[in-house]
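Both complexes below contain chain A, partnered by chain B and then by chain C.
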Partner chain A sequence: MRAMLAIARNTLREALRDRVLYLFLGFAVLMLVSSKIFGLLTVGDEGKVIKDLGLAGVQFFSMLIAVMMSVLLVSREVDGRTVYNILAKPVRRWQFLLGKYLGLLATVALNLTLMALVLVTMVRLYSGEWDMGLLFASAMILLEMALVTAFATLFAVLTRPMLGTVFTLAVYIIGHVAENIWLLTQQITVGVTKPIVAAIYYLLPNLERFNFKTEVVHDLSIPHAEIGVTVVYGLAYTALVLVLACVRFSHKDLT
Partner chain B sequence: MRRPLAVAAVVITLLAVVVTCEVILHNAPEADPLGKRLLYLPSPDVLRLASLGNDGLVADLLYLWSIQYYSQFDFREKFLYLDTVFNLITDLDPRYFDAYRIGAMIMSVQKHGDPELHKKAIVRLYDKGIDAMPDDWEIAEWAAWDAYLVLQDTDQAVKWMGIAAERPDAPGVLKRLYGRWRDNIHGWTAEDSIAHWEDVLAEAETKSETNLATSHIYDSYVSLHRSTLDPMLQGFSQVARRCPESWQELVDEGWLASVPVDYLGNPYGVDPNTCTLVAHKKIRWD
Partner chain C sequence: MSNVALRVDDLKKTFDPGLMKAKVEVLKGLSFEVQRGIIFGFLGPNGAGKTTTIKAIAGLIWPDAGSIEICGLPHTDEAAKRRIGFMAENPYFYPYLTGREFLEFHAELLALASDVVSSRVSQALEKVSMSDHADRLMRTYSKGMLQRMSLAQALLGEPELLILDEPMSGLDPLGRRDVRDIILGEKERGTTVFFSSHIIPDVETICDRVAIVADGRVQAVGEVRDLVAQEVEAYEVAFVGTAPSTLNTPVLAGHTGSDASWVRVAAGHRDQLIRELVDDGVRIVGLSPVRSSLEEFLMVHYQGGAS
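Then we have the complex of A and B:
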């Protein structure tokens, strides 16, 4: 555990030294601040536009940071041969990978928290109220990013960085349109295709489950049970992907 | 020294070319470029898919775009794809209050085309919003005022105000307004009116609210009583060949068991000119 946390700390430190991160963060904060300009263009409730744009910005830039940084971190260690130094110590491969993952997740969480606080402050400046719902929606985005980062980690050990990025982006897109696969099962009436398509639907990550933006923007109530099941779903899926990544990394030829 | 100057000259020249090209392209005449783009506007399902979970944001962008677009039109011009655009926005975000409100307003200002069709589109848009937000009274109230003031359709206004008044957390004023409007159009029976205003009376918190409800109940009872007492007066005058001076005469002649009284317990009078019931409503408003 100690070794894993040490790797996580180092990964976070390394990520924070990366200029690309600050470039993303800079763009994100700029977008959040400029949401006020979009708000000015509207007729009616400016707050809705600021919240919609802000939450979309938080999600998009968190995804970019998660995808771009995750696939690079493992390959950097392998290409730079620093992985041998670490694995020569009493550190298991899965510990190394989970440490890397946790470090990455901490990086994403740190950035996401910063963006969420900027958004909440923007809304406070506009409406005079602290909208804590935005923090809840951001927490759910973080849960989504935990899963996306897990996929990025899996693809990082499976393939080359470029392909890993493409695959993770594909998972992100599929995860957001997975709901439509269910609609497909409604169209199929006979044969084995229907259960096969249904199985695909249940197996694919459904990232829309973490989307509470509409509820937060319109101040709708969300059943606690739904939140609970969503959290369990996110954590379980993330754990599953990480187990697969650890198994693959344990047998990976690093030479 | 020469080289940096040459580089600067090249940069400035290229910048000038770029800006000139942009000025030329910007000023090139284009026949309704936005309208052409609107023609190929994707369906809400496609836009929802493409938004990757940000339906609300896409609705916002379309809404902002529509405001800019339709503000370019003269009232007498045809507002292209107006119905389609606001349907699309509200399909993407069914709880977008401003989209219903402003969409209906834009639909109402256009002078081109058949006003009945515009009215139908407005009613459709508001009905959609009212259905999409079953816990919201504001959209129904807004629709009611628009129907009352803009569409000048009192029946529709009364219907929407009734919906607004029934919604959770609706302020009491909506219930009173609904009762007044419905009384004005004689849109219900006296019994229904009494039942409604008795509800209002039970919830009244101020003297003026109590008086308003009492006044409406009073009027409804008068119209209810009038429907039975006026024919009695007519019957008496046909038999006696004159109008009775008071209700006591009808009691004395066995037409009535007692002198009829109004909601507040005061006896009714008889108008000798028209031979009809007269009510003397006495409510202290101060």
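Then we have the complex of A and C:
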């Protein structure tokens, strides 16, 4: 456990010293500039526009960190062979991989928290309300990023960094159109195509499940059961992907 | 307690580079033992299987067959891993850490008690003469300094068995001397040292035993002195006075001094020369074997392994 936390801390330190937090600064500047512009262009609903735009920004910047950093930092350890001195010590391979994952997730979470706080502050400045729903929507984005980071970790041990990044981006994009795949299964009525497409739908993550932007921006109520199912879905899917990554990494020859 | 620090038995490993490419059989039944408290050299040409063997011992690759024991324990056991200190070939490092942070990180991986981390890190820095540079970022270190830090992380856990892959590679003579002194110092403390190298004089001067690996197998193992002695190529016979003007024995070389002379003959002609000199009434005063250097000895085995 201690080794795993040491690896997580070291990963977070690496990300921070690599100036990943500059992305957060980029977000803050973007929010300031865009809120000024939209404040001028929209009539009446600046708050909603800022919330919508802000949550989309939080999601986009978090995805950037999750995809880019995850693949890069895991494969940097393997390709850079710093992992040799680690795994020759009493550290299990799954401990190493989970340590890296936790460090990456902590990096994503730190950025996301700072971005969410900027967003909440901006909304307070423009509409005078403290909208805690934004923090809830951000927490759901973090859950989505936990899953995306797990996929990035899996691809980092399966393939080269460039391919890993492409595959993770592909999962992210497909994950957001998963409901269209479901609709496609409803359209197909004959042949073996229907079960194949259905299998693809069930295998790939449905990342739209974590999207509560509309509900938060328009103050719609969200059933507790839906939140519960989403949390369980996110955690279970993440755990499954991490188990696959650990199993693969445990059998891998580090040549 | 077992007297064997490291036992490698019938190790086999084949790498599969992928579709349409031939498999590469790197280890073909490699076996050897390292007794406790000695410095053991692991010599071989590029592609012989040295690094693959070391990686298998460190748990970085999985052998297809065979077994590895560290101090009597399977090498994958956590208890076995606690007993080794490993230094990989070429210094790999985190550029964003200082030397001290790097060692503190490795101390945590070893699960050292928090109250001893600071003193262990200081001791390790002291051992590799890096105390004055400990708070600099590692990206500013020279290759020699990185090599020392890599050695320091291997020493942190006060291991029973130190496994070093080419510890002197790329170092200048001064750096090599320092690493050699550290290795000898560890032996003094009772640590077993297993290291691979291609720098033969370093192996000759500090190793108690040597294994020569070529073509995925151990070709010879023993004390450096013995290995070389097995390969006596010629003899030099010293005698009083000058050499007889006509010697029937084929002579490889010779020298005549004012009082004494010597001639060198092939090992197979030693007895013939002695008989001839005795028959001529020459007073023989010395007979010494001409041993091949370790380098020549290695070449014989490398070529033998490759053929």
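The criterion applied here is as follows: the second predicted complex is superposed on the first by the 242 of 255 C-alpha atoms of A that agree within 3 Å, B and C clash if a C-alpha of one lies under 4 Å from a C-alpha of the other, contacts with A are read in each partner's own complex, and residues count from 1 in each chain.
As a working rule, a contact is a pair of C-beta atoms (placed from the backbone, for glycine too) under 8 Å apart; a residue touches a chain by one contact, two chains touch by 3 or more.
Because the structure is a prediction, the values reported are computed rather than measured.
In the overlay built on the shared chain, the residue A:A56 is in contact with chain B alone; chain C does not reach it.
When the shared chain is aligned, chain C comes close enough to touch A:A6, but chain B does not. Within the superposed three-chain model, A:K48 lies in touch with chain B and out of touch with chain C [touch as defined at top]. When both complexes are overlaid on chain A, the residue A:H176 reaches chain B alone and has no touch with chain C.
Of the two partner chains, chain C is the only one that A:T82 touches; chain B does not reach it.
With both structures placed on the common chain, the touch criterion links A:Q187 to neither chain B nor chain C. Within the complex, the chain A residues that touch chain C are 2-3, 6-7, 10, 13-14, 17-18, 80-82, 84-91, 251, 253-255. Against chain A, the residues of chain B that register as touching in their complex are 49, 52-57, 59-60, 63-64, 67-68, 93, 95-98, 101-102. By the touch criterion given at the top, residues 15, 55, 58-62, 78, 81-82, 84, 86-88, 90, 92-94, 96-97, 105-106, 108-111, 150, 153-154, 157, 163 of chain C touch chain A in their complex.
Per the touch definition, chain A reaches chain B in the complex via residues 38, 41-45, 48-49, 52-53, 55-56, 59, 172-173, 176-177, 180, 207-208, 211, 213-214, 217-218, 220.
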